[in-house]
């Protein structure tokens, strides 16, 4: 559920500023109410159902299911894997997040062309299927606490790289992730911004994605969430499942240790 | 770039680890690895050229390093950054600092421009309301920057064209043009310096902030 | 919430089957009221369903947020405890076409429906109950639509 | 063909609350594509709800119903084990029917 604590101070300011004096309700309370109304009936359910079907369906050039896919807890295990990703995988010798790992499985088990799939635009063709799969896998860890491993040396290195990426000021506007997510209690327009250098709380930040975005009616995985952050930061385009996006995700995930996952969430 | 560097950043990480036993690479090695990963991960799309992350200036590089370290910049370094950015400020060629606050309001409202999805020829917005409270009619404003409501009024500007107002007018222009001239690691973009806003657009924003008729000063 | 998925009933796919067996005979006759959906104001839209003049009524309830963070999805509901409701309408006054949805109410359901609308801008939203006797009772409220995100 | 609906039907106090999510673009007809051309409206027009085979509600929808539509209503006298069936038809002639058991 949404944190309401951040809204306190802003609420007072808005109450004074707002002309809506006929109702003793602030703009932020109004928006909390709006969000609450949307909780019941999250269209992410549609993608979740689709993802579950896709996992069990024989598909791709090899006409195989994904039921032997190893997401970190052994082949075929999908409960609880999401809250431990990204992690190091010995077979690929890489740190991978959920979407990167699904990409690997769709390639090795089903025979899809990994490079081709990674190049496909979000929301199209097999990318859309990958998002549905990620939505379902994430949902299978709903209510669990994030607990990413930092035991493998590569995982530690990726944390440090992710941290550097988080603070990297660049692009035409000099923005880093920290420009918006480095402090407590800030807003962009009316959106409250979680502080992501620490655990921002249950179901906030890393613990809310994949999420259904009501603004465009799209289902977004973490890869697309980060991709759009970089777009709005005026950065160049980060490759799908690239090391930069995985390292940044791992940094956010490790910081979120102990936060309860509500994914798939519903978002503005 | 030669291909061996671009190939896989992970290989580089593994190499570092093997060389340095199981301990974490040094901070400098991690900086370098991060740059390798950035080069391998980002690509040009639309008007968002890859150089935006591979060729950052000293201001951004030094401020990012300070952020990672969690320590403020060395005072001398900060001063030097501010001086070089101040020198880079382009003052209005015709000496006119103020434009039309109504156009300024529209620019302040717009958050468009310079992303890889924006057409290269479209006008850029100022993104002002994303971070600042300005005209009180707009309740959807951000709090990343200080409130600018009554910016001119609070500074006693009743006639922005008077000699007495000159220092404030110039500071306002300079701050919008290049925020880092006044605060080395400011979170604010360098609107003029980075080519986000044109000279005319900056004039309109200055008017929005300082014109006594602007809703900002009501 | 934790068992939400377990509560979800798997929707059995019977597409086409029921339709072809004639379980929905009314569809053969159902005439989508194009005039009502083309109407540019609330009165014209309601009139297109053959109802009389609009009367505001405390017995009708419109539910919706005071502020919508995004106009693309605005939850709106229409309800009444009155008996003899024929139809419930949900309308957005400032949309290019005002009517969002019309529900034919039967004795088998509560006169209480909720859906989600798109809104282009802040506007009054209406719940209208067309009664069996032709009266059109309404309730309205204002929903403010804010600009979400960074505007980019 | 359209993706399946998600239907939740829960009995409470002698009635059943039915919540439905439908997978549909609900293109408004107001939006322009990147070339500046109006994207034609594409939306669900008719919805029918049945309880154990008997129609309990029909609806007409316009293009202003939000993408991936949500619908909630309450069926009187419905109990656990009963069947709820939802059907929709859109303005392109596509349709979909799904069924759920009340829990």
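Just so it is clear, A, B, C and D label the chains in written order, and each chain counts residues from 1 on its own.
As a convention for this text, a contact is a pair of C-beta atoms (placed from the backbone, for glycine too) under 8 Å apart; a residue touches a chain by one contact, two chains touch by 3 or more.
This is a predicted model, so every value here is computed, not measured.
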{"item": "Selected pair, greater C-beta contact count between A-B and A-D", "value": "A-B"}
{"item": "Most central chain, judged by mean C-alpha position against the global CA mean", "value": "A"}
{"item": "Whole-Å gap between the CA centroids of subunit A and subunit B", "value": "27"}
{"item": "Between subunit B and subunit C, centroid-to-centroid distance (C-alpha), Å", "value": "46"}
{"item": "Centre-of-Cα separation between subunit D and subunit B, whole angstrom", "value": "47"}
{"item": "Subunit D: positions in contact with at least two other chains", "value": "4-6, 26, 66-67, 70, 72"}
{"item": "Junction residues of subunit A - those touching two or more other chains", "value": "27, 45, 49, 188-190, 214, 217, 231-232"}
{"item": "Contacts with 2+ other chains: residues of subunit B", "value": "115, 127, 129-130, 139-140"}
{"item": "Subunit D to subunit A touching residues, read off their complex", "value": "3-6, 19, 21, 23, 25-26, 66-68, 70, 72"}
{"item": "Subunit A residues within the subunit B interface of the complex", "value": "10, 14, 17-18, 27, 93-95, 153-154, 156-158, 160-161, 163-165, 167-176, 178-180, 182-183, 185-190, 193, 231-232, 234-239, 242-245, 247"}
{"item": "Subunit C partner contacts - residues on subunit A that touch it in the complex", "value": "20, 23, 25, 27, 30-31, 33-35, 37-38, 45, 48-49, 139, 142-143, 188-191, 214-217, 231-232, 262, 268"}
{"item": "Complex contact set, residues of subunit B against subunit A", "value": "8-10, 13-14, 16-17, 22, 24-25, 30-31, 33-34, 37-38, 40-45, 48-50, 52-53, 56, 59-60, 63-64, 67-68, 114-117, 127, 129-131, 136, 139-144, 180, 187, 189-190, 194-196"}
{"item": "Subunit C - residues contacting subunit D, complex", "value": "7-19, 23-24, 26-27, 30, 32-33, 36-37, 72-75, 77, 92, 95-97, 99-110, 112-120"}
